[in-house]
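Shared chain: chain A. Partners: chain B in the first complex, chain C in the second.
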Partner chain A sequence: MIGFFTEILSSYGNVIDLCLLNILLAYGVWLALSGNMFTLGTGGFMALGAYGSVFLTTQLGVPFGVAVLVGGLLAGVAALVIGIPVLRLRGDYFMLATFAFTEVIRVIALNWESVTGGAIGIVGIPRYTETWQLALLAVVAVYSAYALRSSYFGRSIAAIRQDDVMSQTMGINVLAHRLTLFGASAFVCGIAGALAAHLNFFIGPTDFGLLRSVDALSYPILGGFNALFGPMVGAIFTTLLPEFLRFSSQWREILMGLLVILVVLYLPGGAMSLLQGNRLARIFKRQSAEQRSFKQRAES
Partner chain B sequence: MEGFAQQIVNGLSIGSIYAVFAIGCTLIFGVLNIINLAQGAFLMVGACAGLEAARLGFPLPVALLVAAVGGGILGALSEQFMFRPLRKAGGHRWMGLVASLALARLLVGVAQEIFGTEVQAYPPSSISTIIWQIGGVRIQALQVIIILAALLLMLLFAFILQRTSIGRAIRTVAFSEDVAQIVGVRVESATLVTFFIAGALAGAAGLLLGVLFNVVSPFMGDSALVKGLTVMILGGLGNIPGAVAGGFLLGLLEVFSIAYVSSAFRDAIGFGLIFLILLVKPTGLFSGFEERRA
Partner chain C sequence: MNGATLELQRVAKHFQGVIAVDSVSLVARKGQVTGLIGPNGSGKTTTMNIITGLYPADDGVVLLDGVDISKFQPNRIAAFGVARTFQNIRLLPDGSVLENVLLGAHRHQSANLLDVLARLPRLAKSESEARARCEQLLSTVGISHLRDVMVGGLSYGDRRRVEIARALATQPRLLLLDEPAAGMNFAEKASLATLISDIRDLGITVMLIEHDIEFVSRVANHIVVLNFGREIAEGTPAVIRQMPSVIEAYLGLEDA
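And then the complex of A and B:
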């Protein structure tokens, strides 16, 4: 039995690592989405975490754990800096600003050659990330999401998601809540970026562009962001599908695009909404009533 | 001084293309209050279609028409089969963003499958290489043609929006969908035409961009989308005169930053501007004389 597991690990180790990493990322994005923040900044935050931590481990010899933490904090601080001005604005400005942020980071990564290696990137990064670390963090992420949903803070977030003006009237500090969530989301994405950098031997500016942000967004949306396990299901599904189907990279893009459009059109609650009749799902989908009323207010 | 004039010519030619593209993006926002992130992909499809037409030996104006119609049809299709069902379903506003990003991804994949992933160029015979020398300033005939074509497109667009019945319908829907319905405007056909116009402007801008740099690739949509969004923010979301002014402004700023600062941070200038505007004046630089959306 143990032999069987080690065999699976050795042959599918990379895929499993990738799955776990994407689960972490999916919950990072979910944090922002749960506060009604459509973030395209994931790629930028991952880049901050990745380049920051690699600089610390390879150039300064800082221990891996500390470097990952600092990478995450760097991304979190960046999120606060963007968030304070931009979160005051309503509408699509937040999305546009995070979009711009990711591109700024990409341009900096491309040009700041002494730290980022420019267009060539950084090669030969030591592989410090272990599968068990990723698994542990993925579990922590799911548990944190669970704890958040049942906490006072989580209920405030749910209220903000339904109607931010009303929440403000009831005495919830909307800006502070959103800022906290956005910072936490960036922190998780930064950590994921740092772990990804020490997993792949190589990072370059093209790894963390807009496509990365879009990919990360599609995890919770495909899986269903109202369900606790939605982001996880979306991340695993999206990671495994191309691995098993072995398409060319073009066909992967076409298929993924089509899939996301179809899900958005015909299954807006994500894959987890298929389980709606299921008792297990009902336990984890306490928010389905909220989701319905939330649908009616498309504007905000 | 000659260098300065040279940069102005270069900036105006690239800026006119940004303006054409951004008008389409901002029109959709002005009318329907959504941002279509697939506009960049429409631009790319227009560029590819135009290139294909030029390769078949058609002259540039015909290629421009092909690019515009191709982009327009894609835009109309996306409205009919994606954005409208989404609005009807009443889903959350970000579902439209996700769907348009996915559509862009799909189109880039299809373009790669058809055209290959490599950068392509126009056949030399289809592009004019005449260069005029006016007092030390080199003006390519191509730049002049592009600026003229862009201005013509903008005039045509202004005429449609201001003087035709469909233009009036679009402006009514932009004012309020409910009011439009009450006074008997066919909202559905107005939104369809809106998307067609926006797609056509994107496709035409794609052709002009491809001709100006003589580069067409499946990946040109992403960076173009970034420019389009930057111009939208510069001009104010939904503000069409603002988009025209913002387009020229961004083109000039980019060219001057390459000439006098560094080429490396050309793109960073645009993003820096986005942040600055969002911080200082989120309604856009030109909100003072805004006509109030579309």
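And then the complex of A and C:
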């Protein structure tokens, strides 16, 4: 039995690590999305966590755990700094501003050769990231999402997402909530970046660009960000898909694009709304509510 | 609960040359129901948006018990004791009645982020206190039986009651109601009038925007009439209904 597991780990270890890492990333992006922030800053935040932590472990000999934490904090602080002006922007403009941030970080990584290794990147990073660490953090991420959602914070965040003007008049500090979510999202993405850097032996500026940000954004959207396990399902699916489509990387991208379009058009609640029958449940609930209030009025 | 006195002094608001509120001065006295009436476009809702901080006033001051709140952010004004309902009911349709009302209790929750993430006992305590208070409010507004019903399936009148309960959950000193009787039938209006009186009897100052002059006359102690962004009359309902300027603004001139 143990032999069976070690065999699976050795042949699929990389894929499992990648899945767990992307789950972490998915919940990081979910934090921002739950406050209605369609962030393309994920790549930039990951880069900060990655380069920051690698600098600490390889140049300064800082312990791995501390380096990862500092990498996350670096990204979180960056988010708080850019968040104050950027969070005033809505929708498309917010997306553009966060995309610009990712680009700025990429260009800095490309040119600051003494720290980032420039276009060549940094090679020979020690592999400190272990599967159990990724698994533990993925569990913590899911748990935190659960705890947040089921508290009054979750209710406020849902209210902000649906109607921020009304939320403000209820005494909810919308800007502070969104800034906190954006910072927390960046923190998680920074940690994911640091872990990714110490998983792959190599980091370069192209690892953390627009593509990475869009990919990360698609995890919770494909899986469904209203469902607790939605980001997880989206991350696993998106990570495994190329494994089944190994014969052609072009097919993979075409299929992914097609899927995102289909989900957004026909399944706005994501894949999880299919599994849970959320749509049906909601329609049913609404009907029964109508019937009940009708009955009550008829009785009174 | 303790009511607060609201005072507006020469409040003005322009939208790119359009004068929404020209110069409004009025007082809503502590523990009373003040009606704000006027024809469409006379600046009633704009005035309410200025009081709650959704629009910054171009000019003038808004005083709540003598404190100028006109430069405060909306959430700070809410924390200062001003709650409101909206003309075009703004509830979360996918949430239950109780969940919607709980949103108003947000600012009285004592649990912090650590309590939430670690699920410390303080969270459960804070949550159950808030629930108890909100369930109490549901019975105050008379919709206890709808507690777990999704708001999307409620009748118009019941949704208005949910909004009022939510506003009360913030524990306001001043409650602003924006056309609460709109779209209600005769019986619903009568029970709403009773509810507004009950809220006043709790000690909360109420300001009521309304089209229906009959309805305002029934519940308000004092009425302010707006037209073209200015107050044109004020007084008790009986006095207001006799004023030629009010009749003119509402019904037009006779034999023009």
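By definition in this document, the second predicted complex is superposed on the first by the 271 of 300 C-alpha atoms of A that agree within 3 Å, B and C clash if a C-alpha of one lies under 4 Å from a C-alpha of the other, contacts with A are read in each partner's own complex, and residues count from 1 in each chain.
Here is the rule we use: a contact is a pair of C-beta atoms (placed from the backbone, for glycine too) under 8 Å apart; a residue touches a chain by one contact, two chains touch by 3 or more.
Here the structure is a predicted model, which means the values were calculated and not measured.
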Looking at the overlay, does A:97 come into contact with chain B only (first), chain C only (second), both, or neither? first
First, second, both or neither for A:159, with chain B first and chain C second: second
What is the contact status of A:148 with respect to chain B (first) and chain C (second): first, second, both, or neither? second
For chain A, which residues lie in the overlap of the chain B contacts and the chain C contacts? 296
Applying the document's contact rule, which stretches of chain B touch chain A when the two form their complex? 35, 82, 85-87, 89-95, 97-99, 101-110, 112-113, 117, 222, 226, 229-230, 232-233, 237, 264-265, 267-268, 271-272, 274-275, 278-279, 282
Contact footprint of chain C on chain A as seen in their complex: 144, 147-148, 151-153, 155-156, 158-159, 162-163, 165-174, 180, 282, 285-290, 292-293, 296-297
Parts of chain C lying in touch with chain A, wherever the complex brings them together: 52-54, 73-75, 77-79, 83-84, 86, 90, 92, 94-95, 99, 102-107, 109, 111, 113, 116-117, 119, 123, 126-127, 130, 145-146, 149-150, 152-155, 158, 166, 170
Residue ranges of chain A in contact with chain B within the complex: 33, 38, 82, 85-86, 89, 91-93, 95-97, 99-101, 103-104, 107-108, 110-111, 209-211, 214, 217-218, 221, 250-254, 256-261, 264-265, 268, 294-296, 298-300
